[in-house]
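Note that chain A is present in both complexes that follow, paired respectively with chain B and with chain C.
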Partner chain A sequence: MASINKAVLDLKRLDLLANNDSVIHRLDARAKVLVTCVFILCIVSYDRYELSALFPFFIFPAVLIALAGLPPLFIAKKIALLCPFVLVVGIFNPVFDREVLVNLGPLGISGGWISFASIMVRSILTVGAAFILVGVTGFTAVCQALERLGMPQVFAVQLLFLYRYIFVLSEEGGRASRARELRSCGRKGLGIRSFSSMIGHLLLRTWQRAERIHMAMLARGFTGQFHAYRQSSFGKAELLFVLGWSALFVFLRINNVSRHLGTLITGLFT
Partner chain B sequence: MSHHIVEVKNLRHVYSDGTVALKDVSFIITHGESVGIIGANGAGKSTLLQHLNGSLEPTGGSIHIGHTPLSKGTLPDIRRTVGMVFQDPDDQLFMPTVFDDVAFGPLNLGYATADVEQRVTEVLELVGAGHLRDKPPYHLSGGEKKRVAIATVLSMSPDILVMDEPTNGLDPFARRQLMALMRDFEHTRIFTSHDLDMVMELCDRVIVLHEGEVRADGPAMEIFGNDKLLAECRLEKPLSMQGCPVCGGGPARVSRPHPPHHHHHHHG
Partner chain C sequence: MHMADALLSPAVGCTMWAASAGTIAYCSRKVRLEMDEKKVPLMGVLGAFIFAAQMINFTIPATGSSGHLGGGLLLAILLGPYAAFLSIASVLLIQALFFADGGLLALGCNIFNLGIFPAFIAYPLIYRPIIGNRPTQGKIVAASMIAAVTSLQLGAFGVVLETVASGISSLPFATFVTLMQPIHLGIGIVEGLVTAAVVSFVYKARPEILQCVTPAQAAAGYSIRNVAIVFLVASLLTGGVISRFASEHPDGLEWSIQKVTGKEEVEGVKGQLHVLMASLQEKAAFLPDYSFKEPETPKEVTLHPASAARIEAADQTSGKQEKDEGNRLGTTVSGILGGLMTLVLAGVTGFILKKRIGAA
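Right, the complex of A and B next:
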C-alpha cells in the first residue's frame, strides 16, 4: 500500500510539472488534447500484428519531452509502472497464437509473440502520450479543454472528480496501512480479518473525505464550471501544432516508414 | 449593514447513524460581532458551523443569513457571503499548488486574471504564506496547511467569516498573526476554539455548547467568570484569568481580568 501511495504522489508531481513554462506549456490545452487524441487513434487503429510501423511514432513523445523539458526518466518510470498490467493482458497471446509469422534465420517467431510485443509498444505509446499531456497541461486544464471541445460538462466534471478521488483513496490507504503496520508490532500483518475490515473502513473514509472535499469546493463557489488561471486562445501556433502533428501521424499511419527505410537500406547494400 | 445577521432557529441535526449532534440551537448574531463558540469535544461545534454555509442540511429548524433563508436556491449567494474554514485543512486543499488553491475561489467568483493574481499574493502575505505559493499543498506542514486554508477563504472577501478551530496547530507567532488578522476583520466573525485565551481576547460574546444545546450565551467576561458553568461543560478559565503560579498570586481579580494586551513574561 505504501508503494501505491508513493506512486500516486508521483502522479501529483506530474500535475505539478504542468506549472512549468515552455513553448509546449504555453499552447492552448485544446490543441494538445486534440493532437494527443489523433495520436492515440492512429496507434490503436493498427492491426494487432503490426510492430515495425509503430516505432516512428516515438518521435512525438520524444519531441514533446525535449521541448517541454519534462524529466524523461520520471516519465519512463511512470510508464514502467503500467507494464505489469499490460503483461497480464498480453501474456496469453504467445500461448494461444503459435502460428509462425516471421522467420529470423532458424528462429520462427509466432504471431502470438508479435501481437504481444505490439500490445506492449502500443501501451507505452498511448499511456506515455497521456502522461505527457497531463505533464504539459495539467489535469484540470485537460478536463476544461475536453469540455470546450464539446464533451458534456457533467462528464468533464466527473472525470476531474475521479482523478481527485484516486488521490484521496491513496492518501487514506497510506494512512490506514501505516496505522495497521504500527500496531501490528512488526508481525507481518494481523491476518485477513483485520485486513478486510481495514478495506471496509478505507472505502467509507474515502467516501466521506471525498464528500468533505466536495463540500469545500462548493463552499468556495464551485458550480461545475472550470476556470483555468492560465488563459489562452486557439491561435496560429495552436493551428500549426494541430495540423502539423496530425499530418505527420496520418502520413506515418498510411506509410510504414520503418519498412521503407528498411528496404531502402537493404537496397543500398545489395 | 444589517443584512449580515446570522439567525439560527431551533436547529436540530441528527447524523445518518442516529447521533443527535444538535438538539435545539437558537441564536442571533448581528453584523460586526465577534462570537466564540466553545464546548467540549463532541459538543456539536463543528456540526453547527457546517450548517452556517449549508454544508449540512438541518434535520429541523432553520437558518437565515441576512434575512435570506438558507435553501437550495439561495445557497450560491450564501456561500459567497459566508467564508468557511474547516477544522481539517486537508479537506480544504485540493488543487495542485498553493497558488491554484487560493485562486480557486476568486476564479469561481469570476474575477479577472490580473485581479486574481494580485488578490492571491496579498492574501498569502497576510497569513504569512507568501513563500509557499508554488508548493503543492500536500507537502506542507500542518500549520502551513492551516494558514493556506485560511487564505483560500480570505481571498473571496467574505462578509461573514466562519472558522473551525483556526489556531489549532499554529505556532505562537502564526497564532498571534492570525489573531491580529481576525481583530482587523471588520465583518462578522464566528469561530470555535479550544484556545480559550484567544476567545477571551477576540470575542465580545461567547456561546457555550454542551451536548448539542446552547448552555450559555453572553459576554465573554461573564461566561468565563462562572466557574460552575465552566466545570459542568468540561471547560476552564482562560490562563490569563487564572492566578499566575510564578507571582504566587491567587486567582485574583476574577471579575476584572488582565486586559487583553497584558502579557506575563517569566523567563529563566
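Right, the complex of A and C next:
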C-alpha cells in the first residue's frame, strides 16, 4: 500500500522537475527528444563485449544534470531500481560465456563478466537518459514534441488524458486497497474474489467518470487539442544543441576515448 | 516482462519501432475514422485505470504469493482492438519514461509484445470466436483464460526472439525459451483468472459496457486484411531474425530488409513519423559497421571480442604468444584506467558546471 503512494509521489516529483527554468529546460522539446534518441542508438550499437568505450558517454547525463539543476541523488536512486529483467538475463552471461578474454595478472576475467558489466553500464546510461529527458522536458512537452515529429494526434491526446488521470485513479485505487487491507485482518480476504469485485467497481466508476469528463470538456469547447504551457520553436540554439551533441556522440562512438587516454597515462609511466 | 534497451541491438530495436509505430498510426486512423471521438478520453482514463489496478495486489490461490493485473486483454475486451492497442501503447510509454521499465528504444519491442498479441491475435482470433454472440459465465472464463495464456506465451516468445537476435545476452535460444515459456504460462493463467473475474463482474453489473463492442461491429470492423497485415509484419520480422542468424557478421542485408519494411509501411500509412524513423534508421545504419572495423593494429588487444578472438587464433598459429602477453596486460590496464578516468572527468565536468550555475 505504501508503495502505491510512493510510486505516485516519485512520478509527481520527476514531472515537477520539468517546471524548473534553465538553459536546458528552455530548449524546444523536439531537440531534447532527438538528442536522447541519438544517444541511446549510439550506446546500443556497441558490440556486447565493449566496456571501456561506454564510459565517455557519461558526460551527457553529467552535463545535463548539472546545467538543468536536477537533483543527482534522486536520479541516481531511480536508476538504481534498474529493470530486474535486465539483471536476470544479464547474470546468465557469466554462466554461459566462460572463455577468458582479459588477464589481469593471475586473475582471468571471462567474456561473460565483461558482457554482464557492459549490459549494466548500458542499462544505467539508457535508463538515465530517459529519466533526464522527462526531468528536463516534462511529459506534456515530450508528447507535444512527439506529435510535432509525426505522432498521430489521437494518440497524443490519449496520452495526455492518461497522464492526467493516473494521479486521480491511483489515489482512488490506493484508498480502496487500504480499506480492503484494513478489513482483511492478516491474510484473509485478500484473494482474487474481493480483488475482482473491487477492481470491477473501480472500473465502473472510472467509466462513468470518463463520460462525465468528456461531456464537461465538450461543454467548454474542447476540440481535440491541448495547449502548451511553454511555447517554443526550433531555433538556432536547438540546432546547435542537436548537432553538437550528435557530433560528440558519433565521435565517441568512432574513437574509444577511454583507451586513448589510458594508453597516454600508462605511456607516461613506462 | 519488459524488454530492455541494454539487451537490444539497434537493428532489432529499430525494426520493432517501425512495426509498432506503423501499427499506432494505423490504429489512430482507424479510431479517428470509424469510431466516435468519445472513445479517446475513455481510452486515456482506462489506461490510467490499468495503472491503478496494477498497483493493487491480490493473493494468488494455492501459492501465497501475490500478483497483479496485466490488463492488455482486459482493455481489448472493453475497448476493441484498435482503441485498446493505443491505450496499451500509451501505458507502456509512461512506464518507459517514468518507471524505467525497459527504455525508449525497447519501447517498440514492448508495444509489439504486450500490445499487438493481446489486441490483434488473442482478442479477435481466440476470445471473440469462443464468446460468440451470447456470452455466458463459462464462456467468459474459458475465453479469457485461453486468450490470456496465448497472448502471454506469444509475448514471452517475442522477448526471447528479440533478445537472441540482438546477440547482447549469451543465453542460448533453447535455454531461454525453456526458462521463459513456463514462467509465462503461470503468469498467463493468473492473468486469465483475473481478467475473467473482472469481465464477469462487469457483465453482471453493466452488460451494456460489453455490448459497446457489439459482435456485429467487431466482426465487420475486423477484416481479414488486418490479420494479414499483422502476419506480414511478423513474417518480415522473422525474416530479419533469420538473416541475422544466417550471417555471422551482419552486413547490409538486414538493413535492406528493414528499409523495405519501412517503405511498405509508408505506403500503407502516410505520416512524418516514418520519415523520421527512416532517417533514424539511416543514422543507426552506418554505426554498427564501426564495431567491426578496428582502427588499431592487431597487436593491440582490447576488450573487443572479435579482435580478441582473431588475435587468439593468430597467436596460436604463429606461436608468438609470450611476446604479446605483456602487451595485452598493458592495454588491458590502460583500458580500465582510461575508463575510470573518463568517468571521473564526466563527473567533475558536471560538478564544476553545477558550481558555476549555482554561483551565477
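Keep this in mind: the second predicted complex is superposed on the first by the 196 of 270 C-alpha atoms of A that agree within 3 Å, B and C clash if a C-alpha of one lies under 4 Å from a C-alpha of the other, contacts with A are read in each partner's own complex, and residues count from 1 in each chain.
Basically, contacts are C-beta pairs under 8 Å (C-beta built on N, C-alpha and C of every residue); 3 or more make two chains touch, one makes a residue touch a chain.
As the structure is a prediction and not an experimental result, all values here were calculated from the model.
Visitor: Name the contact category of A:G69: first (chain B only), second (chain C only), both, or neither.
Guide: Second partner only.
Visitor: According to the stated criteria, A:A29 is in contact with first (chain B), second (chain C), both, or neither; which is it?
Guide: Neither chain B nor chain C is touched by A:A29.
Visitor: Once chain A of both complexes is superposed, is A:Q225 in touch with chain B (first), chain C (second), both, or neither?
Guide: Only chain B is touched by A:Q225; chain C is not.
Visitor: Of the partners chain B and chain C, which touch A:Y165 in the superposed model: first, second, both, neither?
Guide: second
Visitor: Considering only touches as defined above, state whether A:A145 meets chain B (first), chain C (second), both or neither.
Guide: Touch status of A:A145: no partner.
Visitor: Taking the superposition as given, does A:V44 touch the first partner, chain B, the second, chain C, both, or neither?
Guide: Only chain C; A:V44 stays clear of chain B.
Visitor: For A:L16 in the superposed arrangement: first (chain B), second (chain C), both or neither?
Guide: In the superposed model, A:L16 contacts chain B only, not chain C.
Visitor: Of the partners chain B and chain C, which touch A:K78 in the superposed model: first, second, both, neither?
Guide: second
Visitor: Considering only touches as defined above, state whether A:V257 meets chain B (first), chain C (second), both or neither.
Guide: Touch partner of A:V257: chain C, not chain B.
Visitor: Given the superposition on chain A, which partner contacts more residues in chain A: chain B or chain C?
Guide: Comparing touch counts on chain A for chain B and chain C gives C.
Visitor: Would you mind listing the overlap between the chain B footprint and the chain C footprint on chain A?
Guide: Correct list for chain A: 15, 164, 209, 213, 217.
Visitor: Residues of chain B touching chain A in their complex?
Guide: 50, 53, 55, 75-76, 79-80, 84, 86, 88, 90-92, 94-97, 99-100, 103-105, 107-109, 113, 116, 134, 136, 138, 152-153, 156
Visitor: Inside the complex, what are the residues of chain C that reach chain A?
Guide: It is residues 1-10, 13-14, 24-25, 28-29, 31-32, 37-38, 40-49, 51-53, 55-61, 66, 69, 78, 86-87, 89-91, 93-94, 96-105, 163, 167-172, 175, 193-194, 197-198, 201-202, 205-206, 209, 271-276, 280, 283-284, 287-288, 290-291, 295, 302-306, 308, 325, 328-343, 345-347, 349-354, 357 of chain C that touch chain A.
Visitor: What residues of chain A sit close enough to touch chain B in their complex?
Guide: 9, 12, 15-16, 18-19, 138, 140, 164, 171, 209, 212-213, 215-223, 225, 227, 229, 231
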